[in-house]
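Shared between the two complexes below is chain A, which pairs with chain B and chain C, respectively.
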Partner chain A sequence: MSDLSFKPISLAADVEERSRPSLSYWQDAWIRLRANKRAFASLFVIIGMLVFACAGPLVWHIDPDAQDLDQTSKPPWGDRNALVQSYEPWAGVTSAEPQGNNLSPESLEVVGDATTTFVRLVWDPVPNSNGYRIYRQIVEPRVGDPLGLPIGDTKGATSVSFEDRLDIKPKSYWYSVVAVNEQGEEFPEAATLKVDVAFSTTIANAVERGYIEDENSVAIGDTIKVPLHPLGTDYLGRDMLSRLMEGARISLFIGIVAPFLFVIAGVIYGSFAGFIGGNFDHVLMRFADFVIALPFLLFMILFKLLFGIGPGESGILPMLVALVVLSWPGAARLVRGEILQIREEGYVEASRLLGTKTPRLILRHMIPNTMGVVLVTFTFAVPSAIFTEAFLSFIGMGVTAPTASWGSMCNDGIKTMETTPHELIFPALFISITVLAFNFLGDGLRDALDARMRYGE
Partner chain B sequence: MIRYVLWRLLQGVITVWFIATVTFFVMHNLPGDPLADDKAVSEKIRENLEAKLGLDKPVVQQYFIYMRNMVGGDFGLSFVHENRRVNEIIRDHFPVSAILGILAIVIAGFGGILWGALTALYRNRWPDIAIILLVILGISVPSFVFATVGQLALVTINNLAGFEVLPVAGWGTVAHMLIPALVLGLGTMAFLTRLMRTSMLEIVSSDFVRTAKAKGVPMAQIFSRHQLRNAVLPVVTVLGPSIAGITTGGFVVENVFGIPGLGRYFVLAVQQNDYGVIMGTTVFYGAFLVLMVILVDILYAVIDPRVRLE
Partner chain C sequence: MADAIQGTTAPVNVSSAWQLTKYGLIGLLFFILLLAALGWITSNSAASTRSSQAVDFATNTVTLALSTEPPQLDSTRATDMVSGMLLGHTMEGLLRYGPNNELIPGMAESWDIHENGGTFHLRQDALWSNGSPVTAHDFVFAWKTALDPDTGSQYAFILFPIKNARGISEGEMDPETLGTKAIDDFTLEVELEQPTAYFLKLLAFPTYYPINESFYLSTDGGYGSEAENLIYNGPFKIVKWVHDASLRLEKNEVYWNRDATKLDAIDYAYILSDANATLNLFATNKIALAGLNSENLERALKNRWRIKQHNDGSVFFLEINHRPDRITANYNLRRALQLVHNPSELVYKVLKLPGNLPGESIFPVWLNGVDGLFRDEYPGPKYIVNEEKAREHLAMALEELGVDELPPLVLLAGDNPVSNKQSEYYQRLWKEKLGIEVKIDKQIFKLRLEKMTTGEFDIVAAGWGPDYHDVMTFGDLFASWNLNNRGRYANEEVDRHVAIAQSSSDPVERMEAMDRVQQLLHDDVAILIQYERGSVYVSDDRVKGVTRRAVGLDPDYTRAYIARDSEG
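And now, the complex of A and B:
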């Protein structure tokens, strides 16, 4: 054994600082949560949604219930130009008696501009016909398929014009003209023309809709700008952005306040049952079991029917009450279980020995120690409350029109899903993002707060 | 075991009685008039109608008649559709909902267990990540969006193919059932996948699996006999809530796909204020759901003897 085997160590270099500041439960949880990128990002998404719901109307002033039937189902960032027109009655066009042997009304064309105020069509006459039938469709008619909506008839082979003023929207239409014989039967050939319609308005209409301040500021033939709708409009011409804000207020209000209330109810009920114990606990828990066994959505619908929404009411309150009344037992069970455990902990025993009174024992030691579990329950209850609200509004059992919630907006949007999908996509997206964020945050909180679940995944 | 079953059944009967009572009194205290119609009803017709529906008697007497009929399995008359018994409506429409629901449960159950097990086996590799992304979609998108998007996708597929690959709406053949059942089961499937993944991850790293591996048991056998069988247990516990979820989810899916099930009829009755049908179907649904939960509990008690001791 050489001298090298035994060498005095230098003390100074090896002494490690092994202390770190002691952390409270919540500080520790906060650090864990921050380390979880997904959960932390979700927290910001949720804050963003709340800001959108509450502060949004301060920035974006448009009334969510204001309808503009001239601008229905506009896509996001739609064209804002409007041609100012005046309407003069049109005498129409009468042709000479048809010559030749063409079977379909050829050379179908538009007279003047095709605008939402009117579309005027003329065509060449068809021999042996007794009139014409005009069809309109929003997609190109395929061979063999119906031509669309019959919007008018003309009488006589020589009346070869038609003026369409029927609820025209600024988009493309396919007009078809078919000749009909004496018996009113259609000729087999049809002429079809695609017409791109521009948005136009009359001066009186523009003033009424609030597009312009006074009628002297524009002249016929000018182009004016209609109000901006960044996310488009719905089927009644209501601004999607402001409706999404109103919907966010209502969906998040129900989604957050209802779970908050029933979790509090659950904490009170559960801690009483757990602390007092014995037969009292038994009876309370049997009652909770009973409420849990009730079919949830059926009772939500019954509640809604019972409250009977009067005119001018939104139907939010009945939904809130029903959610709280039916959902508290889950939280109560959980808290009771926690209290039963905590009751036997050493620090409770110690505190009791030191003479702490029961109320203080419950408030100071027991309930704070259940808060981790309660917070996780609350976070997971929010998405399911939002889903419930959306589901009920979707089947027409939720908030009443014109109140917007994300669910009722989806319900409205489905009707126009194939032509203007944005009316469904936006509210559905908001529901999904919010639900997802709360789920991720719940996962993160569970990992951060609940020691037993920490190694689960 | 028998005591446990009897106790659960007694609880169930009390719950159903409560549901029936609440439904009855809610229906009889509603604002509005059940016989109000756009047709002007003369006094005489009104009296006859009330006599026919039993509305002329005092409420307490009505309640006892109603309860007696319920016990005898008679759910009463429709208020809107003349001479239509709620029993007939249930008999005609419930089987449709039941078939759809069973198919959805099967799809959700098998899908959830399989996907969940796969994600646990391929933890943090691409099958896991891909399936988890789908699960995230499944839990965060509402069922009615799935239903409409599913239907739209069907339309697009049929248009692209040039013939009807699968029917877009309606009822009758197996082809009609597939997409609605899938849509209906999707949310539950996502939930079960998540649950199964957690439970499977625990099992994968357990001692008995390591022992089996050490013994040289083939992987396929470890998977089917040791891992899957043990991991499936917690999935059974959530079957009850899943059945409830799928039953009520049917309200939406049946509406979107035009399926003549009881769920669609129920929503229609609520919208038409058909109090007779609402009362009858609510009690029926309530009894059905309570029975299902009891059956699942008993099934669980059979599988896991510890439950019975509670």
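And now, the complex of A and C:
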């Protein structure tokens, strides 16, 4: 063992120094929020949704209420090339008295173009018949199968034409014509024809909707491009995208404004109750319990009456009021609990001894320390408010026609769920994504704002 | 933690987006699996419960669904279609409708009819289901009951052709003065107020059905409320009525024409208003008949079911409020609405339901005229869209009303998918073409009727089904005295022509008067005709002999039978 072993350490400055920038509570929370991938992505989704609702209409100019009845329930991938047609009433075709002994209406054929504006059929007459019944099917009828949908009858053996205008879609149809006797019984033989229908619009409609400049810029038989509906159209030919934007404004307005108001109300109520305490607190909290027990739907209807909201007027305002009036106790309870705890903290005591007045005490020391809880309450209240709005609009208590909201769009879409699912899927998807995003964000905020999880402490 | 702090830039966002997508995909996968599982369960359970079938060969029973519960089955007070249908199966008037929609003898074996009345000879073998004979007194009692102001029958007016009936119903005359009396047990004499060409056609209507007086009195005011509180003289009797759940009819073994009834029972095992649920019952072979709507039509087509079409005889229209304090009392405003009215667009592009016909006249196409069909003989005016003229009329209306902009019009409508669709269509149509704001007042049937009666609407979507097979069932609808004229439309000339058609026995004169009425209603824009309702439905092929009618009992199973085909 040498002397070297016992050399005193120098006081030189080569000691490793560990330090970090001083982080405030909020900076730290922000860093931890950013670290939470799920919550952070949700934040972007929410911002995206807000931009979609507010700035969307600036980019996407289609009127959400405009009905294009030539393009109802059109899926997003629907054909945009429309054949230009003009609709003139058709007198039909009357044949000569039938000859021979054929039993089925032979030589069934289409007159002119088969388009979504109309499909015109003619056939050869059948002797001894008293008229014809026309069927339309969307799948090929096999031998012995029913012929599909009876779309019309003609009277008399010589009236051998039929014009179909009933909700024709640009796809293939199988038209069948069968002769009927005097008793209305069908002959056994039928003539069937497959018809491929082209998407079309009338000149008048094209001018009115602004697809073309004026009547003379196109001729019948030309093809024009109709405006894009990226998410398709609904059952009245309204653009789904612009309706979803309109719906987003309603949903997010209710979803953000209502919680904002009732959380503020809850904070004020709860901090008073918690700070003053005693019997005052007791009375206030029992009142809060009472409010929790009030039925929401009933109050919503009462407010509707109270505000004189007549039939056919929007129920959004009473909904907002009912939400605010009935939902604050949750936030109030939480804040009161926090305040009761903070009130006993040493720094509050110190501040009080230094002569701080009560209002400043509450504003400076109490409320800022409850902010975490409040913010988390708020983010969790948003999805439930959005859901409430969607539910109420779904059952017809919220927005009224023609205004769209996600809930009312779901209600419209659910009826055609089997045939045109896009009318239900899109609004449902928007509700789900938004609600999910707010929940994830709330989760993330709760973790980020929890003081016990602060970095380095 | 430290790692997380350093990695707070873009890559994290991308991967978090990935994480979200992953969650989404897992959720979606789970959802699809769940759907598949549920579908598998339902298809299995459907197969396993096939025993309670739509058509039961062993018990000779057909199972059906009712769309709503009948409020009660007292024939003097019945107003709705379900009640009418059930009463038609269980009761019989002097006359009834045969398989080809012709009037055939019912309780009356024969009759002598003359200008001012008639004598009906009742069959002596007709019995009530409790064994007592059906007599002429039962008819007199039923009619007097229906006319009694205390009964509050909404259909009392249909008895008005009988002498003094109107006065009795208004409480101004003694019920004993009613122009009908039982000469003996089996002879009924009827005296009319004035010659009524269509009187015989009225006799098959439920309000004209007989009621057994002693039984009626024994129920102590509860007649018609329960199966036990009813006796029947028709082909079937109600054996079980579980309110809001089911209703079962069985063959009436003492009915005079019991041999014509082939079914042993009709089981209305479900009372359901939801069209999709009803169709599911049909798909799983639980009921023998189900209506289709534009939403579930495609399903029926893909399943290759046999689809049938039926015109139910009713006409739907927008009734305009003509009360003087309403802006719709202004002719030019109404004319503007008429000039943008396009029934074929509504029928083909909005309602999309096959069977509906674009409406042109208050008289539907199936009504008989002088020799052939009324509308073939008197086609009536047509709606012609002319937006330019519409705007001119609107400008005139604004000037006359002294306003720059119209207050919103209140469109009173039903609260169901079909109504909502057309309400929204009209709301947009009038806004786009005329700049008129519309508020849609959605109400359930009862409340709508209340508002129609008090006049709280500008325009109301209404409909009218025929009660008997004569133009008059639609013709007097807009006479100023008719309580079903909810818009209080009053036009002396219409009244005059209705009166002519009511009292004349010359068919040509009657039909010409009715033609004037349809012309006047059009010219004055009393109403806007929308469509004649038809329906498409699917039915079990094994049930034969079912009659569908526009007027009278529909669907009629009184002569239906089950065919034992190879499938069965």
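The definition used in the following text is that the second predicted complex is superposed on the first by the 351 of 457 C-alpha atoms of A that agree within 3 Å, B and C clash if a C-alpha of one lies under 4 Å from a C-alpha of the other, contacts with A are read in each partner's own complex, and residues count from 1 in each chain.
Keep in mind that, in the parts below, a residue touches a chain if its C-beta (ideal position, glycine included) is under 8 Å from a C-beta of that chain, and two chains touch if they have at least 3 such contacts.
The structure displayed is predicted, hence computed values, not measured ones.
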Touched partner set for A:Thr192, first chain B, second chain C, both or neither: neither
Which superposed partner A:Leu305 touches (first chain B, second chain C, both, neither): first
Which of chain B and chain C A:Gly396 touches, first, second, both or neither: both
Chain B versus chain C as contact partner of A:Asn181, first or second or both or neither: neither
First (chain B), second (chain C), both or neither touched by A:Thr419: second
Partner chain(s) touched by A:Phe387 [first = chain B, second = chain C, both, neither]: first
Partner chain(s) touched by A:Leu297 [first = chain B, second = chain C, both, neither]: first
First (chain B), second (chain C), both or neither touched by A:Lys37: second
Set of chain A residues, in rising order, touched by both chain B and chain C: 310, 396, 418
Of chain B, residues touching chain A in the complex: 11-12, 14-15, 18-19, 22-23, 26-27, 29-32, 136, 139-145, 148, 152, 155, 197-198, 201-202, 244, 248, 251-252, 255-256, 267, 270-271, 278, 282, 285-286, 289-290, 293
Contacting residues of chain A [partner chain B, same complex]: 289-290, 293-299, 301-302, 305-306, 308, 310, 383, 387, 390-391, 394-397, 407, 410-411, 414, 417-418, 424, 428, 431-433, 435-436, 439, 456-457
Chain C residues within the chain A interface of the complex: 1, 4-5, 7-8, 12-13, 15-17, 19-20, 294-299, 301-302, 304-309, 344-345, 347-350, 352, 354-355, 408, 410-411, 415, 417, 420-421, 423-425, 427-428, 431-432, 438-443, 536
Residues on chain A engaged by chain C in the complex (per definition of touch): 31-32, 34-35, 37-38, 40-42, 44-45, 65-67, 69-70, 72, 137-139, 141-142, 145-146, 148-151, 165-167, 235-236, 310-313, 396, 400-402, 415-416, 418-419, 440, 455
